[in-house]
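Each of the next two complexes has subunit A plus one more chain, namely subunit B in the first and subunit C in the second.
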Partner chain A sequence: MPRSALATNRLKRLAVFAVGLVLFYAPFALLVRFFGLLFPASAAGTSVADAHGACLRMPLGWLAQPWMWASLGNNALYWLPIAVLPIAAVAAGPLFCGWLCPAGALPEYLSHAIPDRFKFDFKKHVDIVPLRYGFLAGILFVPFVASSVCCSFCNFTQMQNIVSAASGNLSGFAFFSSMGLLAAAVWVVPLGLFTKGGRGWCLFLCPAGTVMGLASWASARLPWFPRVRANASLCSGCGTCSDVCPMRAIDISESDERTVNDHLCVQCQDCVGTCPTGALEYRKPS
Partner chain B sequence: MKKLGMGIFWVALGIGLIFALGAYSKSVAPGERGSFVMFYPASGAQAGGSSPRSLTGLVTVKLDSRGAIKRLVQPRVIQVSSHSVKNVGDTPRRIRFETAGFPEDTEAHSRDRAWNPETREIERDLAPGAAVDFDLLVTLPDQPAVSTPVSGTIGVVDARTGKRLSTLAVRFQQAGPAQKAGDCCAP
Partner chain C sequence: MSAINRKNAASFFVAVGAVGVTGVFARMCPAGCASCTTCWSALLPAGTAVASLGLAVAGSAAIRAGDAYRAKEQESQVPPRDET
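Let's turn to the complex of A and B:
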C-alpha cells in the first residue's frame, strides 16, 4: 500500500512537472509569453520565450555586475524568481522545486533506473546544509574575484537545450563550451543518476533552490504556514520516509518535528504516502 | 564547538569548490567564446569591446586557452556573443548585422523575436537605449594559422539606409608552440 502511494505521488508530480515544462520552457513557455503580452515592450515581449525568461541565476550574478541592474526594470518576469517564488516558499515551502521544476525532476526520475547500491548517499558522508549554503555564498561572491558560474554552469540551459532538441530545434547543440559540457555531465551523471535521490544538483548547485530553502526554513515555525511535518508519537522509526526522500531531508534519529529538515525539504510529499504509520503530514504546526 | 567548526569547514568547502569552478571558467572562457558589448552609432573604441568597462574596439579570442573538454569535443567552433548591442543614438533604428573576413562557415543568432536569420535583420525599430543580443558561431579552419591570426568584423548597419553604424573587430589568436632557432618555420 505505501509503495503504491509513492508511485501515485510520483506520477502526480510527473504530471505537474509537465505543466512546469509547458509554463517555462520553449517551444511553449506559456508564462513567458503571457508576460510578453502584458508587457510587449519589455524583454519578455521582445525576446524569444524560453527558460531564460524567468531566471534567478542571472540576477544573482548581477551582484558583481551592477550595470545589469537596469534589466530588472526591463523584464517584469525577473521578479518571479526574485520575489514571488521565495514568498511562495515562505507560505507553502519550495513547492516549485518539488513539483514544478523539470530541471530538478529529470535527474531525479532518471535515477530511479539505477539500483541504490551504485549510488552515493550524501547524507551519510556530508553535512549537506552548511555545504549547500557554502555553494550559495560562493555563487554570490566568487564573481567579485573570479569568473561567475551563474550562466556558464547552468542546468536550466541544458534542460532547455534538451527540450528544444526534442521539439526539433537543435540550435542549443551547435556550440559546446567546456563549462557547459561539464555542467551537463555533473547535473545528470554524478549528481543525478549516481546520487541517492537523484537531486544532487538541487542540493548543492541550484542557488534558486537554496534561496527558497532558506525562506522555507525561516518561516517553518510560524503558525500559518504548512510544511511536511512528522508526528513523533506515530513514528515507528522504520526509515522508509528517509529512504524515498529525494532531497535526503529526513533524519529518523531525531523523532520530533525536526525530523524533516526545512532547509532541504521541497515538499514533494513522497514520504507522506509512504509512511506505514501515517506519521508524516503536510500541515500547519500543531 | 566541534559542530560549529565542522559547519564552517563545509561552508568553506562549498565556497572553495565554486571558486575553483570560477577559476577554471575564467581560464578557459577567453579561448572558447568572445563576449562583447557593442554600441551604435559609434566608431573606434566607442563601438564596443570585451565588456562595458573595456571599450577597446577589438574582441580577442585566445584559442590557446580552450579547455581540455572543448578541445576534445568541438575544438573549431567558437562563439562570439553579446547580450547588449545597444542603440546609443537619439533616434529609433532598424538594424542589420553584417560580418566580414571570417571563414565562410558562420552562423548568426539573436533571441529577439523580430530576428530574421536569412537577412540577419532585427525587423522592428529599436528605440534609443534599447538593446538586442547577438551570437555568431564561427567554425575555424582545421589549422588556424599561428603566424596569421584569423580575424573578421561584426558590423551594425541601418537596415533602411544601408549606412554602417558601428564596426567591431574580432581576432582569433593562437600562439602555438614556442619556436626555437633551428625550427623549420622560425624566422
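Let's turn to the complex of A and C:
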C-alpha cells in the first residue's frame, strides 16, 4: 500500500513538472511570454522567450554585484529567485523544487531506472548542507575576485536545449559545447543517474534551491507554516522514508529517530505516503 | 567552535574555494567573453568547474572521515572507569 502511495505521488508530481516545463521552457515559455505581453519593453518582451527570460541563477549573483542592480529593474521575472520563490518557501517550503522545476525532476526520474546498488549516496560520505551553502557563497561572491560562474554551473540551459531538441529545434545542440556538454553530462550522469535520489545537482549546485532551502529552514519553527514533519512517537525506525527521499533530507538520530532536515527538504512528500505508520505529515508545527 | 562546526566550516570553505578556482580559471580564459556554456575554447574553465566539484566533494568526504577517525581515537584513549 505505501509503495502504491509513492507511485501515485510521483505521478502527481510528474504532472505538475509538465506544467513547469510549459511555464518556463521554449517553445512554450508561457510565463516569459505572459510577462513579455505585460511589459513589452522589458527583457521578457524583447528577447527570445525561453528559460533565460526567467533565469533563476544570474539575478542571485547580481545581488552581490551592485554594478548589475540596474538589470534587476529590466525584467520583473528576475525577482523570482530573489523574492517570489524565497517568500513562497517561507510560507510552504521549497515546493518549486519538489513539484515544479523540470531541471530537478529530469535526473530524479531518470535515476529510478538505475538499481540503487549502482548509486552513490552523498549523505553517507559528505556533509551536504555546508557544501551546498559553500557553493552558494562562491557563486555570490567569487565575481568580486574573478569571473561570474553562474552560467558555468547552469543546468537550466541544458534542460532548455533538451526541450528545444525534443520539439524539433536542433539548434540547441549547437550549445552543447565545452562547458555545456560537461555540465549536461555531470548533471544527468554522475549527479543524476548514479546518485541516490537523482538530485545531486540540486543538492550542491543550484543557488535558487539553496536560497529556498535557507528560507524554508529559517521559518520552519514558526507556527503558521506547514512543512513535512516527523512524529517521533509513531516512527518505527524502518527507514523507508529515508530510502525514498530524493534530497537525502531525512536524518537518523542516535536513538534511531527520524527528523526532516529543513535545509534540504523540497516538500515533495514522497516520504509522507510511503511511511507505513503515518509518522510523516505535511503540517504546521504542533 | 565544536568539532561538528569545525567540520562543517571546513566543508563550506572547500566549496567556496572550488567555485573560486573555477572563477579564476574562467577569468584566465583567452576568449574572456564569459560565455563558457556556449564555447568550445572554454575547456579550461569547463574542466575546472567539474574537477572543482569533484575535489570539493572529495575534500568534504576526507574531512568527515578524518573527523570520525579522530573521534574514534579519542574514544579509545579514554581510560576504563574504575567500578570498584
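In this section, the second predicted complex is superposed on the first by the 273 of 286 C-alpha atoms of A that agree within 3 Å, B and C clash if a C-alpha of one lies under 4 Å from a C-alpha of the other, contacts with A are read in each partner's own complex, and residues count from 1 in each chain.
Going forward, contacts are C-beta pairs under 8 Å (C-beta built on N, C-alpha and C of every residue); 3 or more make two chains touch, one makes a residue touch a chain.
These numbers come from a predicted model, not from an experiment.
**Q** Answer with clash or fit: subunit B and subunit C placed together on subunit A by superposition.
**A** clash
**Q** By the touch definition at the top of the document, which applies to A:182: first (subunit B), second (subunit C), both, or neither?
**A** Both: A:182 reaches subunit B and subunit C.
**Q** Quick check for you: in the superposed arrangement, does A:125 touch first (subunit B), second (subunit C), both or neither?
**A** A:125: touches subunit C, not subunit B.
**Q** Output check: A:138 vs subunit B and subunit C. Expected answer is one of first, second, both, neither. What do you get?
**A** A:138 contacts both subunit B and subunit C.
**Q** Once chain A of both complexes is superposed, is A:154 in touch with subunit B (first), subunit C (second), both, or neither?
**A** Second partner only, subunit C.
**Q** Identify the partner contact of A:11: answer first if only subunit B is touched, second if only subunit C is, both if each is, neither if none is.
**A** After superposing on A, A:11 lies clear of both subunit B and subunit C.
**Q** Figure out whether A:48 sits in contact with subunit B (first) or subunit C (second), or with both, or with neither.
**A** first
**Q** Classify the contacts of A:37 with the two partner chains as first (subunit B alone), second (subunit C alone), both, or neither.
**A** So A:37 meets neither subunit B nor subunit C here.
**Q** In the overlay, answer first, second, both or neither for which of subunit B and subunit C A:204 touches.
**A** A:204: touches subunit B and subunit C.
**Q** State whether A:67 touches subunit B only (first), subunit C only (second), both chains, or neither.
**A** first
**Q** After superposing on chain A, check 3-11, 39-47, 93-101 or 129-137 and name the one in subunit B that bumps into subunit C.
**A** In the superposed model, subunit B runs into subunit C at 3-11.
**Q** Show me the subunit A residues, by the header's touch rule, that subunit B contacts in one structure and subunit C contacts in the other.
**A** In the superposed arrangement, which is not itself an observed complex, subunit A uses residues 126-127, 130-135, 137-139, 141-143, 145-149, 152-153, 174-175, 177-179, 182, 204 for both subunit B and subunit C.
**Q** Which part of subunit C faces subunit A closely enough to touch in the complex?
**A** Residue positions touching the partner: 7-20, 22-24, 26-27, 34-43, 45-47, 49-50, 53, 56-57, 60-61, 63-64.
**Q** Can you tell me which positions in subunit A touch subunit C when the two form their complex?
**A** 122, 125-127, 129-135, 137-139, 141-143, 145-149, 151-154, 157, 174-175, 177-180, 182-183, 186, 204-205
**Q** Okay, in this complex, where on subunit A does subunit B touch?
**A** Per the stated touch rule, the residues are 45-48, 50, 52, 67, 126-127, 130-139, 141-143, 145-149, 152-153, 171, 174-179, 181-182, 204.
**Q** Enumerate the contact residues on subunit B facing subunit A in the complex.
**A** 6-19, 21-26, 28-29, 32-33, 52, 66-70, 73-74, 77, 79, 107, 109, 111-115, 124, 132-133, 137
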